[in-house]
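Okay, got some structures for you below.
First subunit A sits with subunit B, and in the next complex the same chain sits with subunit C.
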Partner chain A sequence: MTSPRTPVLERGVLARGAPALARTAPAVICALLVLAVSGLALIGSETTQRTATQMLVMGVITVGTYIFVGNSGVLSFGHVVFVAVGAYATALTTIPRDLKQALLPALPGWLAELELGLPAALLISGLLSVLVAGAFALLTLRLDGMAAGIASLALLISVNVVISNWDAVTRGSQGIVGIPADLTVGATVPWLIGAIAVAMAYQLSRSGFRLRTSREDPVAAAALGVRIRRDRSIALVISAFVCGVGGGLYARFLGALTPGDVYLQLTLLTLLMLIVGGIRSLSGAVVGTLFISVLAELLRRIEAGGELGPIELHPHPGVQQLILALTLLLTLLLRPGGITSGRELGLSPPGWIGGRRRAPRTGPAVDEPEADEPEADEPEADEPEADEPEADEPEADEPEADEPAAHSNSAP
Partner chain B sequence: MRQLLRTSHVSVRFAGLCALDDVGLELGHGEILGLIGPNGAGKTTLLNVLSGFQRPTTGEVELDGRRITGWDAPRRARAGISRTFQDVRLFPHMTVLENCEAAVVGGGGTWATARDRANRALGWFDLDGSAGVLARDLPYGVERRVGMARALCARPRVLLLDEPAAGLNDDESSAMARTVRRIHEEIGCGIIVIEHDVRVILGLCDRVHVLDHGVTLRVGSPDEIRTDPEVVSAYLGAEAME
Partner chain C sequence: MSAVAQNLVNALSLGSLYALIALGIALLFSIMGLINFAHGELIMIGGYALVWFAALPFAMTAVLVAAVVIGCGLAMERLAFRSVRGASGETLLMTSFALSLLVQGGVLLFEGANPKSADVLGSLGASVEVAGLSVGKLDFAIIGVTAVLLLGLAWFLRATSLGVQMRAAAEDFRTARALGVRADLVVATAFGVSGAFAAIAAIFLVASTGSLTPGMGLRPVLVGFVAIVLGGLGRLWAAALGAYVLALLTVMLQAYLPGGVAPYQDALVYLGIVMILMFRPHGIAGRPGAVRV
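Now for the complex of A and B:
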């Protein structure tokens, strides 16, 4: 292939344009979107802010789930396991010492004494989730498609049974109370942006690229040398770390944690956000989270009745669940790729709104050059990267701990 | 000629059906070997055995004298065995350029190498203008060229082509044959090509291996094969008699 008649073609390279900027543009735009929505929420009431905080926490969880599900194409009902591990880890390491000893007298001494700051607790949450992911990988990574989904569901159920009955550590179905519920919008935003950065870094890595080829066609990927299980494991570990951090934040958001908080409903909500937003792109995970969160909040208000602007509403119990379910159904029927349909938010809007549909050409060999190519769907890195961009985890951010927002949980 | 790739006594049985029976195939360095036979003769099964997608029931596969029978497909790809598929199997939501880069990155190569080789391969196959097009939007003939470009980006030592001209018209078929010839001249890899169009095979290959019902019927030069009565009656039939 070193023929002199084949000049190295520059067009493909140029299409990627100012590489660093174009490649990370989706992450930057997602982060700006998150900042904009959070900023708007800060103007709102305390209830609105609480909803926004929940949205941001859900964002960390969906982005974490996306890292594995989106890149591998393997549906997982089990990612809430990592959220659960992270939630309990943060709960147990951040409850005030005295309260903890009263609540959980059977805890081992070292754990009973432990009282960590939020960043340290979240780090431990993430690492514990990674350990669980290791076991998870050994058990399920051989499976594909439906079998993988069902196996992950089995794991979720198993872990829930353990949590529900491990009274000495989790207080079983009574749940843990007294977790400092001090999470604010401002304190949560950095974690979500960190999660987006990690997801973007993985997506740009060679491992992420290989994993997406196996998502597209596992047989062709194997024929090109892709060792699918290896790359799936890498994605799962990173994904579990982010979900574990998300779980820790979730515990701090709720203030009280029962096994049911990190079970089926949360799993379904995560998948709802991913599917409606578009499960094949990072932008989809972020857009889906924002969209469903805002929709759920509006529906909650309608459900509760009262006045919405000039309109007087009667209470409509059940409306929220019903409409959310319909949203999922309509998405699957009308736009199975979700809002973003596998595209990333890029610098050129038509690139993702209008789609990249091109009339198939039937002419002879040479297609016309397409200089106006919007940036690649999943832009690539220039330099070889470390396979594990895990190093750049969300930067630790001191909790701004002076806003004990202990409202009732407004979970959709 | 030193043997690059060979199988010895390879048999594949699926639940009573014998897809391959005691097949010994040899590919020399820099050789183009045609693999022909009627439908169901076991050609694709043999290609799957060579590329690691089908474990033989008995027999061995060797690459450069090294036993690779137990190696899975990714490991063989990394050792330099590259293949195409009858149904091409591009990555539909990736661009043509990314499809080609995948052949390098998939095997552990760097982005820089990937970009460089992909761009060369695209230029080579007249695909420059399609670099940014998603694979699923490609017309059929172009799709097949991308499939070959992708296989080439891996810089194979052995290239296995499963009916590269299937579904192409006469002009496109002969263009494909010329391309295979050119690949061979440029990178000097050994090539095994399955093809139904006998004229293409006979004009392209150094040797031809004929399979029938999972058994090797004949191995020989194109001229020998063309005139062999048994091959003619089993496979070439009326078409070659003309």
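Now for the complex of A and C:
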């Protein structure tokens, strides 16, 4: 365990060369968090379990989107395209043969005969999404900022129009029914943990570091020799694969798939989770998914009326949307970095706890127009694990402790 | 020949409506870099306000609708956008997304999700023959009112002190402030004008579709974005140009696409936009901005 003394610490993401366990700690903690919440849900009623399954599926999609958006800092409204491709691919390859031939008589023969298991179907979903991501990369990665956002939105709309009208394959706006809706909490958890592992692996790869460099300052990164478009393409492909798998799971969760299921609403929900959680860290994506899922489920129950404990409620359609929108708005106004403020949950090496650095200002949804919040003591920082396995390497990151860095930038 | 002329008239009318919407969004974008997704919700509120005040004479209804929409626009500015002024475009965009969802949720809560029908400007339903073309009276109204508004806006921006300040702010917000332009006043005026455009767009939109839903703001706002991006970011006349080009593209595709491809018309329009952006990332008439270091 002789780590070279690389002092670069990126608010939680330890440098290449830091002890492996410390580097992957955010992923491990996120996975444990997911396991804990899923375990709790298993005790609950059938409705609760279904909600938990939905939360896990959303988690795969959110983490998939994060891989590109979080690392590159480019806001994308197009990731639901990959979810849509994955969802329809899984739907078409896992519906029972007889039902498929009755539903979609115009399918080409080989596809009509095909009936795969879930893992194979999800793999195909992911790979198809990667193909689509290639086209996507060609069309949008030349663009920056707002033009990129609008272009990805335009692609989402185009794909949705195609899905809504391609009767022979997607049954148009009628949608596909009869997808085996057998997804359980236990069957979904491994996929989310897998997605977290992929995201972590990318985050710790050279390409991930280069991409985050370009997120902080594209001009400086390019001057340092980072080929931004190439690294964005790599992230997009990985991101698309995970989103495609998430889409496949989503189809299996829903059981019936219409074009509206994979359109703007899902896009907004994904972005809501990312921004409220903290779009600049993997932990943010996971925490956001858990937080918003639980909140949305509570609100759904309030909206539907009935009894919530001792309180009797009348149905109020619109409440869920209202409160979720308010959550997003308040996050943007009061805590622009989201719950995690761009940090990772993790094992903080001693000597670093006091020297936390502020989030830099650029990037999606993380500007801090007001003075920064006094948040020196984030509870994660003092997790008891902090001095377990790495106790023998306490000094590795010491030089970082009094980094004067980011305190100089205050927004006007 | 007359078919082509008829299509051109239709495109002119549609383009005028698009231009009204696009200008409302472009005005805010040029001054504070905000892509206002909630603009669609202003149009939606305008639509509902039309129904609330439908019993009054039309002129009063129009004034009240404009007052409600402008009031909502100013409230959005004061309560939300002022706090994030100067943040990155993405933050502003997401803030407007949140506002849009918020307003939609509110309307959903009080008005319900079911579509409502609205009969506005029913007297303009007929069409008249002009040089062998049949043109709806409503089309005349849209084209005429938009032309007047465009000219009025151009006059306002060139001839009044406030308009000149707005143009200065659009050029370089920081320098303009340093030279004594009052940021709050300029931004509030921009929201006010934008709201007025939204109100007028709402009246024409509801008059031509006749129905209202809480989600009705989405399509206009998308059209507005596309028109702006197509024309060129940051220039008002380019946004209007983009709107007319988009309308022309839409109408021509509708008229001349073969039957089998016709359902995919929107997909082609939006793909075309991605293509235009690929080769002209700053829009047809846009100018590349300087790289900020």
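Here is the rule we use: the second predicted complex is superposed on the first by the 330 of 412 C-alpha atoms of A that agree within 3 Å, B and C clash if a C-alpha of one lies under 4 Å from a C-alpha of the other, contacts with A are read in each partner's own complex, and residues count from 1 in each chain.
Assume a residue touches a chain if its C-beta (ideal position, glycine included) is under 8 Å from a C-beta of that chain, and two chains touch if they have at least 3 such contacts.
All values derive from a computational prediction rather than experimental measurement.
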{"item": "Contacts of A:G225 with subunit B and subunit C, given as first, second, both or neither", "value": "first"}
{"item": "Partner chain in contact with A:R206 - subunit B first, subunit C second, else both or neither", "value": "first"}
{"item": "Partner chain in contact with A:L333 - subunit B first, subunit C second, else both or neither", "value": "second"}
{"item": "First, second, both or neither for A:A154, with subunit B first and subunit C second", "value": "second"}
{"item": "Which of subunit B and subunit C A:L295 touches, first, second, both or neither", "value": "neither"}
{"item": "First (subunit B), second (subunit C), both or neither touched by A:R280", "value": "first"}
{"item": "First (subunit B), second (subunit C), both or neither touched by A:E216", "value": "first"}
{"item": "Which superposed partner A:G342 touches (first subunit B, second subunit C, both, neither)", "value": "first"}
{"item": "Overlap of subunit C and subunit B interfaces on subunit A (superposed complexes)", "value": "219, 362, 365-367, 369-370"}
{"item": "Touch list for subunit A against partner subunit B, complex", "value": "1-3, 6-13, 15, 206, 209-210, 212-213, 216-217, 219-228, 280, 342, 356-358, 360-362, 365-370, 373, 376-378, 380-385"}
{"item": "Residue numbers on subunit C that touch subunit A, as the complex places them", "value": "35, 80, 83-91, 93-95, 97-102, 104-110, 112-113, 218, 222, 225-226, 229, 233, 263-268, 270-271, 273-275, 277-278, 281-282, 291, 293"}
{"item": "Touch list for subunit A against partner subunit C, complex", "value": "75, 139-140, 142-147, 149-151, 153-155, 157-159, 161-162, 164-165, 219, 264, 268, 271, 275, 316-326, 328-329, 332-333, 336, 362-367, 369-370, 411-412"}
{"item": "Subunit A contact footprint on subunit B (complex, rising order)", "value": "51, 53, 72-75, 77-78, 82-83, 85, 89-95, 97-98, 101-103, 105-108, 110-112, 115-124, 126-134, 137-139, 141-142, 145, 150, 152, 154-155, 175, 186-187"}
